[in-house]
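First chain A sits with chain B, and in the next complex the same chain sits with chain C.
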Partner chain A sequence: MTATIVAQQIINGVVLGSLYVLVALGLTLIYGVLVQINFAHADFVTLGAFAAYFFMHLLGGSYLASIAVALLVGALLGVAINLAIFAPLRHKGSELLPLIATIGVSTMMQNAMLAVFGPVPYAFETPYSQRVFRVAGTFFTEQSVIIVLVSIATIALLYAFMKFTFLGKALRAVAQDRETAGLMGINPNYLIMLTIVLSSALAGMAGAMLAPVLVLTPFAGTSVIVKAFAIVIIGGFGNVEGTILAGLLVGLIESFTTQYLDPGLIDIVVFGLLLLMLVFRPTGLISERREENV
Partner chain B sequence: MSDAVAVGPAYRSSRRRLAFLFAALVIAVLPLLLTSGYWRTNLTLCAINVLLAIGLDFILGYAGQLNLGQSAFYGLGAYVSTLLITKFGVHFWAAFAAGVAFAGLAGMILSLFAVRLRGHYLAIASLGFAVIVHQILLNWISLTQGPLGIYGIPPPPAIAIPGLPPIEFSNQVALFYLVSAFALLAYLLLDQLVRSPIGEALTAVREDEISAQSLGINANAWKVFAFGVGAAVGGAAGCFYATFVGTLVPDAFFITESFTILAMVIVGGMGTLIGPVFGAILLTLLPELLRDIGDLRLVVYGLALTLVVLFMPGGLVQGWELLRRKFAGARVAGGR
Partner chain C sequence: MPHLSWHDCRVDIFVVTVGLGDKIAEEWEPLRKQRFILAVSALSLIATVAFSDANAQDKTIKIGALFPMSGPGAYFGAQDKQGVELALEQVNKEGVNGYKFTIQYEDSACAPLPASQAAKRLLDQYKPDVIIGEECSDATLAIMPIIAQAKVPLLNAGSSSIKITEPGNPYTFRILPDEVMQGVDLATQAYNKLNARTAVLLYENTNSGIGNAKVFKDTFEKLGGKIIADIGFGRDVNDFTAIATRVAGAGKADVIPTYTLEGQGLKITQALAQAGVTKGGGGSAIQLGTIWLPFGFEQKAGKAAEGYVRIVQFDPTDTRPVVKNFISAFKAKFNADPTHLNAHAYDQIMLIADAVKRGAKDAQSMRDTLAATKDFQGVTGSVEFNKHNQNIKMDTIHYMRTEPDLSWTALKWN
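Now for the complex of A and B:
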């Protein structure tokens, strides 16, 4: 019986965790290349979720297509925030100004969405949330299978892109040393744009998959993003492998805290871990093994 | 500018004294001019927000530490003082002192992270701290009554001065005078601090920590100090907020409140004390003046924050300087 409960919570944790990984990877990518934080990332998640919702419920699109729509919306938001915030502020060389500006964008987007969509939660039903599989006492929906598979596929694609394509290598080169990469004929402006668009597309897409799991309100992204921040720090800022590991860890913490403690304690546990990490291992979970992994 | 008059320190300090007198006069007159309960409420909110903004600015603008946890200190001050009053029957001013001290202590604890981290890491650590405090207020139901909130918080007890009628703080005007007098006092104190060698030490840490340390400035000690003072001022704002509104719910101290306070500091002009005062007043009143927009109050905050960072990172203070220089330039040109 307890084994079943544990197995069930592992399943729940992995489903949640893979969504958190998608959100957190976007933050980590931007940090790796730009050394900046996009606070509006959360609202890209939310707007992606709403885009998917309206694509399905107003236009009658399929759920899988709505994930693509959300991805597109995220990518467009990425273009916009790069043009409006990151590109003009990059030359001022301040570490904190872009962060503060994106806090402004986030506040603006969140409350604009509140005015447009209202505070009442939307019920995001997909045809896949009804179909339930039962395996050895545990159960999970087709929706969660889709979430995990799409997340794994996206992460694998991203990984392959970074490792094997020229663009991916150029991206890592810019992340390592922007000046030298520029001397090698790589246009950093173009690659920074690409990074922000990629990461925002990930956020939008994660929104479409999160919405059926969480409560869809204009603030849906905020609860996710604070965990995503915790994940990128626990995993080591800019470290992709660490982010994946930390994302799954936070998903598991969330499901086990809900089962054995109290759902109200989730954020306290996650951020307690974050603060402990910052004190004892500010470089993240797998910083030491990083060299082996390259 | 060539038109700069030689300004001696004596002249500057007498001008400063005049400015304080003028500010005190404005505070004294305002509630007499604005007689509706609605505007008097806004005035008191302005005074509370001024406290929050100058507290954050001391940490952010002077010590250079991006603290996104000001909402936590605000909430701790409010809850600690209120719980002492309502649960333990502690006298208001003792509870006030305890709330301020507790918030200051929490700031010093958070600064222990600032000692090890900087920039983005500190921003997220302080945000995490604010999330934890909010969640504790929400979930420690036996103490805080969680989302149900605490109701019927009494105003500060009346002060009896012999020979005069007692000052009742259930009176809106009296409470406004109390809060704004405290805000003016806090401003005076911080103003003295930042213009003293302590302020120079803080700015040195902000500008270049390593150089500051090589000059014998203990950067970590100053960060602890800045966080302690800034958080205590935020805690004082919380105590006043609780007694002014009479109701406490944890969501008043959600992390978005930190962003609102940040907007006040940035819009006003971080790294100056006078800027955040006007930033706080502007951002408190602006949404009220634009009442038609209703729900869009926070959209205005976000927009103001973004536009200021993009186009005028020095905030209102920078705008004022630009205007003044333009005016002075025109005067010089006209006098030729």
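Now for the complex of A and C:
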């Protein structure tokens, strides 16, 4: 019985951790390249969730296609936010202004979604969320399998993009030294746009993955974003590999704290770990120089 | 018609009289005397009409509403507002004792800090005669002292914490059964009617969640039942699979009393079914709930909700005329079936109108008249306040069971 429970909580932790990784990846990418924090990231996640929901329920699309729709909506939102906020404010040379602007965007988006979608929680059911597999005393839904597979695929694609493509290498160059990269013929503005679009697209997709799991309201993203920030810090600011490890770790901590301690203590344990990391290992789980994070 | 006050009217009459007096002194002629008297009479009449109109305009009961309109409890505010609007439309059609009712809403967000700020804003700027709200106990507990200090009555219909009325304060009234009334009854019915002997408690870590769970535990154990797991969690928990795993591993539970808002409630119900614990997932446990969840919950939760037994504050199968009229008026206005939130917001306004009918005209008389309420017939049940301003009527507790087709069966246990 105990072994079954442990196995079950490992499954639960990995699924939850995969979701956290999807949300945190966008945050860590934007920080790694631009050294900027996007406080509206949670709301991009929420909008992606609603995009997937309405694609399925109004247009009759499939869930798997709705993931692509949410990704696209996120990407378009990224283009709009960059053109309207990041690019103009970057030209003013202040790092604080875009940060404050993202807080404004977050509040604006939450209230706009509240006005449009209303406050009543939506039930986002997919054909996969109620199909339960029972294996050796453990259980998991088809939805959980999709979450883990999509997370693995996203991580692999992102990793391949960064390591093996010209654009990925150029992004890493901009992350290391924006000015020198510009002197080498790389257009930093184009790559900054690319980063924001990638990050927003990831947020949108994370929304489609999270929507069947979390309570879908205009404030849905905010309930996971604090954990995502914690994961980014625990993993090492802007470090992709660290973020993946930290996401899974936080998912497992949540599951085992729920089982053996108390779910009410989850935040104490997670944020206690965050404080310990900041004190004893401020560079994160995978230590490397910030310039080389992405 | 511009709004005139007593003071404005007196000044108008004075100016008219003085102006005419000067005219008399200068141009006194016997032939004009008759015309003058007519003119004065006409002006007096106009002034009287203007004055009585101003007086009628002044006969307004100002209602402040503190509802959550943002955050996880925002669905409360949206549905409360519908109930309020329907009731106001009805009572303002002809007025009550010459009084009309106006309302101002503030977003209290189901949390202590925004609720306190909203209450202060309402009291400072709107100066209401009575306030309705909040829904969440933590928020209600935070606004109670602020509103009591302003000596304005607060009429609550959605917060169940016992701390609201015990020891309470003279300005806070509650029409729904408190957590003790609900919890004692729920535990007793579970033990006697469902033959439950083991239970797992699931609740959010708030005053209300903890309080409700504790009352159930105390009563259930006193009756001879056993609590095999006691699990509280924060409002930020999204994925309940880990909690469902723990419940599944805790042993055979006959009932699972659950105290959460709608969103988390949905996820818990689905996770418990996926873990094979509850009837909806092929298990034997029956999930129990109180008035926290709105109508339509079962349709959202789907098959996982099968067998769920919960207290609702409003029984749509109730055949009393007041209920039938409310349902038809609500459907006509909103083209939807009313929820218990619509119903209790409607009752709050109707109780205020009833108090005005019994003589309430300002904050203090509203408080005194509300305190004297006996056998008010609302759509959620009847109302009679005890010395702590808690409604003592148990006919506001209605039990419903979710059937496999997701319809309800009224259990008529009370």
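The rule is simple: the second predicted complex is superposed on the first by the 287 of 294 C-alpha atoms of A that agree within 3 Å, B and C clash if a C-alpha of one lies under 4 Å from a C-alpha of the other, contacts with A are read in each partner's own complex, and residues count from 1 in each chain.
In this section, a residue touches a chain if its C-beta (ideal position, glycine included) is under 8 Å from a C-beta of that chain, and two chains touch if they have at least 3 such contacts.
Everything numeric in this text was worked out from a predicted model, so none of it was measured.
Could you check whether chain B and chain C clash or fit when both are placed on chain A?
Superposition result for chain B and chain C: clash.
Which holds for A:Ser106: it touches chain B only (first), chain C only (second), both, or neither?
Once the two structures are laid over each other on A, A:Ser106 reaches chain B alone.
Using the touch definition from the top, say if A:Val226 reaches chain B (first), chain C (second), both or neither.
both
Just chain B (first), just chain C (second), both, or neither: which does A:Gly264 touch?
both
What is the contact status of A:Val213 with respect to chain B (first) and chain C (second): first, second, both, or neither?
It touches chain C, and chain B stays clear.
Looking at A:Leu97, would you say it contacts chain B, chain C, both, or neither? Reply first, second, both or neither.
First partner only.
Which partner chains sit in contact with A:Thr141 here, chain B, chain C, both or neither? Use first/second/both/neither.
Second partner only.
Is A:Leu114 touching anything from chain B or chain C once the two structures are fitted on A? First, second, both or neither.
Both: A:Leu114 reaches chain B and chain C.
Using the touch definition from the top, say if A:Pro127 reaches chain B (first), chain C (second), both or neither.
Neither partner.
What part of chain A is shared between its chain B contacts and its chain C contacts?
Touching chain B in the first complex and chain C in the second, residues 110-111, 114, 226, 262, 264, 267 of chain A appear in both lists.
Any idea which chain B residues touch chain A in the complex?
Counting only chain B, the residues touching chain A are 66, 112-113, 116-117, 119-121, 123-125, 127-129, 131-132, 135-136, 138-139, 255-256, 259-260, 262-263, 266, 295-299, 301-307, 309-310, 313.
Using the touch definition up top, name the residues of chain A that touch chain C in the complex.
Chain A reaches chain C through residues 1, 4-5, 8-9, 12-13, 15-16, 19, 110-111, 114, 118-121, 123, 125, 129-130, 132, 134, 139, 141, 210, 213-219, 223-224, 226, 254-255, 258-259, 262-264, 266-267.
Tell me, which parts of chain A touch chain B in their complex?
Per the stated touch rule, the residues are 31, 35-37, 84-85, 88-89, 92, 94-97, 99-101, 103-112, 114-115, 222, 226, 229-230, 233, 237, 262, 264-265, 267-268, 271-272, 274-275, 278-279, 282.
Given the complex with chain A, which residues does chain C contribute to the contact?
Against chain A, the touching part of chain C is residues 69-72, 74-75, 77-79, 205, 231-234, 236-239, 241-243, 245-246, 249, 262-264, 266-267, 270, 274-276, 281, 294, 299-304.
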